Amino acid sequence: MYKMPDKSLGVALIGTGFMGKCHALAWRQVATVFGGEPPRLEILSDVTKDSAVRFARQFGFQRSTDDWRAAITDPAVDVVSITTPNSLHRPMAEAALKAGKHVWLEKPMALTLEDAEAMTAFAARNPDQVTLLGYNYLRSPAFQMARKILAEGGIGAPLTFRGVYDEDYSADPDLPWSWRMTKKAGGLGALGDLGCHLVSVMIQLMGDVSELTAQTQIAIPLRHSPEGPKAVENEDSALALIRFASGAQGVFATSRVARGRKCRLQWEVQGSDGTIIFDQENMNELWLHRTDDAGFTRHLSGPEQPDYAAFCPAPGHNFGFNEQKVIEARDLIRAIAGDAPCGPDFAEGLKIEKIIHAMATSNGRPVAP
Amino acid sequence: MYKMPDKSLGVALIGTGFMGKCHALAWRQVATVFGGEPPRLEILSDVTKDSAVRFARQFGFQRSTDDWRAAITDPAVDVVSITTPNSLHRPMAEAALKAGKHVWLEKPMALTLEDAEAMTAFAARNPDQVTLLGYNYLRSPAFQMARKILAEGGIGAPLTFRGVYDEDYSADPDLPWSWRMTKKAGGLGALGDLGCHLVSVMIQLMGDVSELTAQTQIAIPLRHSPEGPKAVENEDSALALIRFASGAQGVFATSRVARGRKCRLQWEVQGSDGTIIFDQENMNELWLHRTDDAGFTRHLSGPEQPDYAAFCPAPGHNFGFNEQKVIEARDLIRAIAGDAPCGPDFAEGLKIEKIIHAMATSNGRPVAP
Amino acid sequence: MYKMPDKSLGVALIGTGFMGKCHALAWRQVATVFGGEPPRLEILSDVTKDSAVRFARQFGFQRSTDDWRAAITDPAVDVVSITTPNSLHRPMAEAALKAGKHVWLEKPMALTLEDAEAMTAFAARNPDQVTLLGYNYLRSPAFQMARKILAEGGIGAPLTFRGVYDEDYSADPDLPWSWRMTKKAGGLGALGDLGCHLVSVMIQLMGDVSELTAQTQIAIPLRHSPEGPKAVENEDSALALIRFASGAQGVFATSRVARGRKCRLQWEVQGSDGTIIFDQENMNELWLHRTDDAGFTRHLSGPEQPDYAAFCPAPGHNFGFNEQKVIEARDLIRAIAGDAPCGPDFAEGLKIEKIIHAMATSNGRPVAP
Amino acid sequence: MYKMPDKSLGVALIGTGFMGKCHALAWRQVATVFGGEPPRLEILSDVTKDSAVRFARQFGFQRSTDDWRAAITDPAVDVVSITTPNSLHRPMAEAALKAGKHVWLEKPMALTLEDAEAMTAFAARNPDQVTLLGYNYLRSPAFQMARKILAEGGIGAPLTFRGVYDEDYSADPDLPWSWRMTKKAGGLGALGDLGCHLVSVMIQLMGDVSELTAQTQIAIPLRHSPEGPKAVENEDSALALIRFASGAQGVFATSRVARGRKCRLQWEVQGSDGTIIFDQENMNELWLHRTDDAGFTRHLSGPEQPDYAAFCPAPGHNFGFNEQKVIEARDLIRAIAGDAPCGPDFAEGLKIEKIIHAMATSNGRPVAP
């Protein structure tokens, strides 16, 4: 089906939270779904020995450690899954690259733009090592189909992008203050957590951003802590106008305090000959209108969409969130085998970082990211 | 039910197109629906004698004329419905005010901001005469319910507005050039036709705009005409960031070239304690989420929404577009009777005009409307 | 546009409730919407003199009476709108036919099958007088479009019908007992109120019913009254299997105790080459799938659907419940003018009655209606 | 989290098609998702040695064979996944039970009712061996939530069930004839493939069926084959009225020729105090209305629904079809460990078979399944 790496890939996984488990599930499924050489799940690293042992067993890794550097430099390891808090992304990614490993890193790429730039420069010096950032939503069959329709001119020239990524996980004013709400330890707010996903989607659909104007908002400026109320430093929401290099334009909005929204990554591309609509909360539906169509048609994910059939031969049976990561793993393996470029790598990730940091600092003035 | 005018109102209608017919249907229904003194449909004015005669008969007006000034100055007339092309709004509205009549004027208020300002000044000198602009979408039971929920704090403090008004009536590149696409004769483009509606909705939901940054786009710059290709001068679409006086923020988008969209006046208000969603294409549905709700609840229009029961006692039976105008007529009659203020009048209409003109000219710079 | 009656039609309206107002609005709008000779609203009849005077004024009728026989026999009257309780349908309709008038009668046709048969026989003896039953839902642009698609073979041969008409107006167990819940005074329950509408839709889409098997349910057998609990005699819900003369089959369900449903007249026709879906709660949407389509396409009501453009030239602006009745009035006028047959007349109405009474009495055995 | 089997379970998998892969993915994920002792993937059996070797490697099984009896009797094997064509279900299941193994069998249980009865009797003689039938749709978080709401009386007493399972995989008249369309080799048609799923759902929601009346249809009676047109013997669709032991009633419909439907397993339960709605094509949405609610509320799957959080801690991220099988595997493991009963086992499966066979043979007469 696709070119194989020269040898079976040895995998290290660092982190066992939300995305750690998601990576583990992907590594366990990728060969079963797509065929090819099954990866060897060599070593898992977690913060304590106990939890490392426990999760290695649960996730099916052969060995465990509480020393992430040991996992990264392990000679049996070819590729490292990094799913730790953002502040650890840079040291871990650079250590892995230094050790000659391929790197699969969760988003956002880094805590600061400087970190992202340094990491990109570091990766550029090691061009044989593949880097891949975990922008899951680029992998769903429906999103891949949307990109294909756009690439084939199925809706003509894209004119306008309208995108939103809203969740409500910080909407509760009684949610206590945490270090994640500081610029130093948490980095960006909604933009770093959600906005970067929407940017990853937007630039794959619309191409490069030439200029943007943004404004941000801290909806709940103070939150309680055992030491009394403390200030929230990073944005709860952000809004932006976008000019694309192609001449198209767009609006962009993201919020972590959007009551009732759970995974509302919703976008629309209006083109000269049609419109495509998508909402991640109904990720198996793509809505398409083309000139001469009576209205919008619901395309329910099925085998005619990229990669769906490897999971299920029957249409309309619902592809799931975690399965996006299996496709990401397959793309990574393929890239390591040299068969196809794969992204977003660190260079593309830096583009995304530049855009969200430009949004965070625009303060109503037009800026080029 | 509401205070009556001292005498039965005499009505003149100028114009017999889309909105002319809509006004006629409203005048014919208003007393049947709401009770009260039935209006007298005195005189109808159209461009030719023949068509005036024909439409007077069809719409149930007693007399007809091809001289709009005669209709306006007719002594039996108390209120004038003006539904003519935009360039005629100012002379007709001013003539009607001068003649001592109340004015019901279709949107947009005027061709230029200067006209709108002059008209507002003129109206201010005649405070006993009611002016009302035809912003239909403010009258639907669902929209009135939304305003009520907001006013009562049902979703807490509004944080963010996200609004769109898209149609595709100009999306076809083979649509020929017309004078409507010039600044001089047509005024604004999508903003004047669609955007003003969205602004009317936005400021009723969110309050005053303190600053906005906008950009516009002409998607199809040249259109064919018998004399060869001619330039389109006014915008096909516009995007804006909004800062409200309340501290809330918003994004705003409108397009007349949005393939597949027919009456997509869609907005969302996210508040500290909930979110409201609406789409005019499904104008009988209001979606509401409040803290502690499991998700969004569909409120289908019914007797518990303002004014619905006067049309139909049974819920879920579908209130229609034209019926919005019947409510507007009722509001006008009530305002003339002095019982309740009614809007948007010219002063409020000028606010809307200032906002859309600020959008049209912002060119990416922040402006105060 | 269509053939006119020889003279302007004189109208009598009996009843001023839900459907009385709906008829009045239709009579007031029909010429304004469709052109043609405006009807003369001659006389309105209500139960008391006072209310008759009041509603005649509100609805725009010239005269009023508390004697329905006087209204019916009035020499200026050509057509009688009957919107009174079911038990009055037969005497009023027969009196009107006897007086040489055309009859526009609300559904259900009669309290009992015997009444409906007698009325049909009576009408058959007066073939020059038009009878029309108020099955509103047959008139919406979306429904007319659906019939057109079916008639043109747009989804091939119809194979299966699946239809539901659910409301929840009797779901509350605290709703008190009323005479409407008796067989003698109320006739059928959900079948008479809702089911007959669904049958009217079903047979227009699918053709004649050759056999059906049904069962009914009384969900709330006792209801409180000032004299203590009393029995509910007619069905709260009914279910049926249908065999059509064409060989197609179907399922049918109706309930007046369906929690959360407001006007859920929802049906689906699956054909050899496609499927059509409709739900009256979103009466401006028709969903169509045809062989080779990727999925279902949403057809939002617009000028390409029958009769829409007469109300509004712009697509997607939402046709309303009451406007169905305006089309019904137009069809009646046209039928009186002899230009086109119009239905359901009493003969067709009797077919509907036979089907719902067969459902009410099937008790799980197959019956031919 | 749940009681563990005394030892790690050894697994044999027979079959590598649609459901074979689905079982493999479930076995590979179950411990990673839920914790507990990881199963040992001992041996995979497929029709040829080559494919068995290849799939064992792909699915991560240690050994392979082309002799299913060898796989079943393998001493390292504790549980057998049977995903072969229906005609093999009985011999394989009985062989596995005879060999002392637990059995995980895909639906429908057997080709004939006699087979299902024999299998159930066989299983009853081996009460320590767990049997589980692959009714996936019972496992989704949304369905589990629905059952919980019903069990807790969340919508009061269930009154009515309305269920559909439609797909269009046989709608194309050019689809060639196959042995699956014969009664002898294929067994039932739409009822065996789709209807049994809907029955499994229905009886878990509504309890036992006391009586049903059904009719079936063969929409495309002849299909082409190399030897010329051949007759389709089993039903393309079926419709039924249901009486439940509880006194509730229902309608039931299934089709394999429903144009445009992909996995339309859609049902609604109306209760005395509310209504629940579900559609498998949007399997992450449960719609709930309860007395006093304004309308239906969309519950998007999230951690508050059973088992969701083990896959993903964030709400609204979309649970997938294949993940239902992971929950099924967990339930099987738990049942083997003796911690909780698990179903549908063969005895419950026989109930389902009796119902679909009653539907297949009712021919419009009431029958007790």
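Couple of notes before you dig in:
A, B, C and D are the chain letters, set down in written order, and residue numbers restart from 1 in every chain.
As a working rule, contacts are C-beta pairs under 8 Å (C-beta built on N, C-alpha and C of every residue); 3 or more make two chains touch, one makes a residue touch a chain.
For clarity, every value in this text was computed on a predicted model and none was experimentally measured.
For the pair subunit C and subunit D, chains touching both partners: A, B. Although subunit A and subunit C share one sequence, what matters here is the overlap of their interface residues, and that overlap exceeds half of the numbers used.
We define each chain's centre as the mean of its Cα atoms; on that basis subunit A and subunit C are separated by 54 Å.
Subunit B has its Cα centroid 42 Å from the Cα centroid of subunit A.
As a whole-number value, the distance joining the C-alpha centres of subunit B and subunit C reads 34 Å. Residues of subunit C in contact with two or more other chains: 261, 293, 295-296, 300. Those residues of subunit B lying in contact with subunit D across their complex are 288, 293-300, 304. Contact residues of subunit B toward subunit C in the complex are 18, 21-22, 24-25, 28-29, 31-33, 35, 38, 57-60, 167, 169, 261-264, 280-285, 300, 302, 311-323. On the side of subunit A, the complex with subunit B involves touching residues 155, 159-160, 162, 164, 166, 171-173, 211, 213-215, 217, 219, 237, 239-241, 243, 249-253, 255, 257-261, 270-275, 289-291, 293, 295-296, 364-366.
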